[in-house]
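Below, each structure is written out as structure tokens.
Shared chain: subunit A. Partners: subunit B in the first complex, subunit C in the second.
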Partner chain A sequence: MKILTNIAVSESGYLFNPTNGDSFSSNLVATDIITLMKQNKTSDEIKKALQAKYDVEKSTIERDYDEFIQELGDNYLLSTDGK
Partner chain B sequence: MGSKKKITVAVTGLNAVDSPGPGVAVARGVRELEGYDVRIIGLSYEALEPGIYMEGIADKTYQIPYPSAGSESLMMRLEYINEQEKIDVLIPNFDAELYNFIKLSPKLKEMGINTYMPTTEQFEARDKVNLYAFCQKHGFYVPRDKTIYNVSELPAVAAHFNYPMVVKGKYYEAVVCQTLDQAQKAFHKLEAKWGLPIIVQEYISGTEINVAALGDGHGETVSAVPMRKLFITDKGKAWAGVTLEDSRLVKLAKDFIKATNWRGGFELELMVTTDGRPYFMEINPRFPAWIYLTVGAGQNQPAALVKLAMGEKVKPYETYEVGKTFIRYSWDMIIDIEQFQHFSAFGEN
Partner chain C sequence: MSTETKEKLRYERPMIRKMNAGLMNKFGTRTEYQPTSHIDTVPVKRIIEQYGSPCFVISERTIRKTYQSALRAFKTRYPKVQFAWSYKTNYLDAVCKVFHQEGAWAEVVSGFEYEKAIRNGVPGNKILFNGPDKTIAELKQAIENESTIHIDHFDELYDLIEIVETSKKKAKVAIRVNMDVGVYPLWDRFGFNYESYQAWNAITKIMNCEKMELVGLHTHIGTFMLTAGAYGIAASKLCDLAMNIKAKWNKSIQYIDMGGGFASTNTLRGSYLPGNDISPSFDDYAEVITSTILNYGFKQEELPLLMLESGRALIDDAGYLVGSVLANKRLADGRRATIMDFGVNILFTAFWYEHKISPAQEFTHHSEDMVVYGPLCMNIDKVRESVNLPLLNRGDHVVVHKVGAYNMTQWMQFIAMRPNVVMIDMKGEVHLIRKNETIETLTDLESIPAHLNAFKL
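Then we have the complex of A and B:
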């Protein structure tokens, strides 16, 4: 899954979708995920990076990651054609 | 500074209130016209329009008769104002006054006053009562609608569209109605305020997007900037908004201009459904009140219109800044009562 390339993300975790004007505030973990997605990291690479940074179970990372990806999709922030 | 050409531009719509006219924003844009020393003449209907008294907006303001007084009395007043001010360009900013100004435009031209307005045909084609047929003809998505003259027609229309449906005034205002009772109340309220007919429209769910644009009268687009409202007042007006990056919306404005050879500024009010279909809700035949956002985003539409009106070539804008945001605010100005009294008594300040 890739995040839309034109999504703007600030250091503070503020997301702006320039296509429809939607904006979101994200927490630290979500900001990390988005930053890594924008660096074209795979889901496995992202999960590993999160596990290395945060002291939590692998299953928790898996669940949180999947939920967050679902949320990005629900808000039209994911690319459906790989762009 | 000395090489700047002097230009006098008259604007209406100085009512920068909770349901604002575009005049103040248009004047701000025109003031930034490069290469000109701009003098702004305000044309107001009421003595309490804030733009009359705001610093840096109008250099002088004159009261003009309401559109209901007809084009003749408007012409008489404009002749007087022009004797004092030698107006180069006049920009009307209200739907309700446009018909009179379009009608007078040849006479205004003779007086040396340039305008850049749609033709009567263009103006009428996009009118609320003709919107459905217009969009069907040109292949634009549009909600079904029905123009009615009597409240007794509502039940049959409701049976056709189902609830919710939108009851709209001839010129302004729209009410989303969930029941027949609400629709009847809306009918009477809008009839009392704006007269007949009333337009009943199918309800379309989606994101409200607006596009401010400028056509050169020959099918070419000089500028088009899409905006999403971030904060909407109880009157449905944008109190904050952000420019969007969506080439489909810009193309839509271009398609509209090509289809109509639109001359002047206009605003597309669109409802974009979750599957991405842009429905035309309204086409306003003048700049919107948020037009200064186009200036902030790098496309000064009011200034470009003045140049077109003066017969200058204007290179179409190609880019604008995405994510530029406007936030409107209210501000208590303090003026002396004499200023208000003077304007009320003499019709000019």
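Then we have the complex of A and C:
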């Protein structure tokens, strides 16, 4: 699952979708995920990176990651290419 | 070489929120800026480690502080004031005894509560016996103990007239009076009505009975009264009855009991403004009540004692419910739902209040709207319909505020057991004041007919 390539994300977690003008605020973990997605990291790589950075169990990341991807999709932030 | 290892960051669920510039939000923005990590200097985490989750926590310091401020509000305005602790609001013995240590009498509404007050060491003549349900045996016991019986209806009055015929002691009685105070619907199911002269008829019958002494007049105009002015109308109607009794029988009434019903600072469901902004203070109630009685025209030496039976406003702030997040989920319509390990079974007041819920650990500035559910497998188990809270992880602890009134008496043993209740004393020591229930608490009361013992599946 890939994030739209033209999404702009700032260090403070501000997201902008130039396609439709939507803007979002995101928390630190969400910003990390989006930044890593933009670097074309795989979901396993992203989850490992989060586990290394945050005090969290693997199962929690698994669950939250899947739900977050769903949320990105709900907000039209995912690319439909390669689905 | 450095041996220092890098500490991992605190995790928070990933979250994005769409920004809608310029749109008004009638629910306002987040209100939580600080976690409630401690209650009276005791860490919430430690309470949960020792006593489990969920757990009710009572602050002795807050009870005493609230009681003293209520008493001060009345005593600085009126010479004779007496509070009686409303047992039904919270009848855990430890809680009652804090109020009794502060000087409050007991106000009870059933034989069970009466027995509790006696067991707590309250002298019989310092118990006010209210309510529509008093058995003949209970009435006899109250007469014997010289408690004041607040008569609720004519059937009870006739019972008493019969009982005192053979009793050695006089019955000390008051009547409960209901009336129109401009707040609707009228609370007319308890006591004798003022406007229809029902109250006066009851008074006449009592005054004509030699073995009953009318010592007081009582009213209780409602609950969570947001208009202090209604108490002024109620006080003037009781004063009117007292003056008429004096004029007709030359008898001075010993006390006027204004009951309770003072609002706490909780926010009622559906209220546009928070309780903190709209609930009258003790001073507001005191000013109206005392000025009405003082200006009514009693002689200084005949001023009646002012009795008060406030419950909710005295104990709500002192109670907390600490609990934990069981699960997070997203509902079909996209809303976030958080499931807590406490529900309406133990937090009965969630039906009435929009309870303030605070996380018990640090959080970021991010928040989201959510529904807060309890753990029961029942659709009614909703603690907050819509609340904006910081992101909560599974296992995080939360504190529900102002739960001291009615929850520990109206809680239900439904689906789950009732949890531990602890009290934090003035020195910050934590005491278990009610043990959590176990399966034996229930099954010990049950019995199974022999033919139902065996079955094959």
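The rule is short, and it goes like this: the second predicted complex is superposed on the first by the 81 of 83 C-alpha atoms of A that agree within 3 Å, B and C clash if a C-alpha of one lies under 4 Å from a C-alpha of the other, contacts with A are read in each partner's own complex, and residues count from 1 in each chain.
We take it that a contact is a pair of C-beta atoms (placed from the backbone, for glycine too) under 8 Å apart; a residue touches a chain by one contact, two chains touch by 3 or more.
From a predicted model like this one, the values you see are computed outputs, not experimental measurements.
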- Fit or clash between subunit C and subunit B when superposed on subunit A: fit
- Just subunit B (first), just subunit C (second), both, or neither: which does A:26 touch? second
- For subunit A as apex, the angle formed with subunit B and subunit C - C-alpha centres, to the nearest 10 degrees: 90
- Item | subunit B versus subunit C, judged by how many residues of subunit A each one touches | C
- Query: For A:18, is the partner it touches subunit B (first), subunit C (second), both, or none of the two (neither)?
  - Reply: first
- Message: Once chain A of both complexes is superposed, is A:1 in touch with subunit B (first), subunit C (second), both, or neither?
- Response: neither
- After the superposition, what is the least C-alpha distance between subunit B and subunit C in whole angstrom? 5
- Overlap of the subunit B and subunit C interfaces on subunit A comprises residues none
- Contacting residues of subunit B [partner subunit A, same complex]: 207, 209, 227-228, 230, 241-242, 244-246, 272, 322-323
- Once bound in the complex, which stretches of subunit A touch subunit C? 15, 22-30, 32-33, 52-56, 60, 64-65, 67-68, 70-72, 74-75, 77
- subunit B partner, complex, touching residues on subunit A are 6, 8, 16, 18-21
- Message: Which residues of subunit C touch subunit A once you look at their complex with the stated criterion?
- Response: 8-19, 330, 334, 364, 366, 391, 393-394
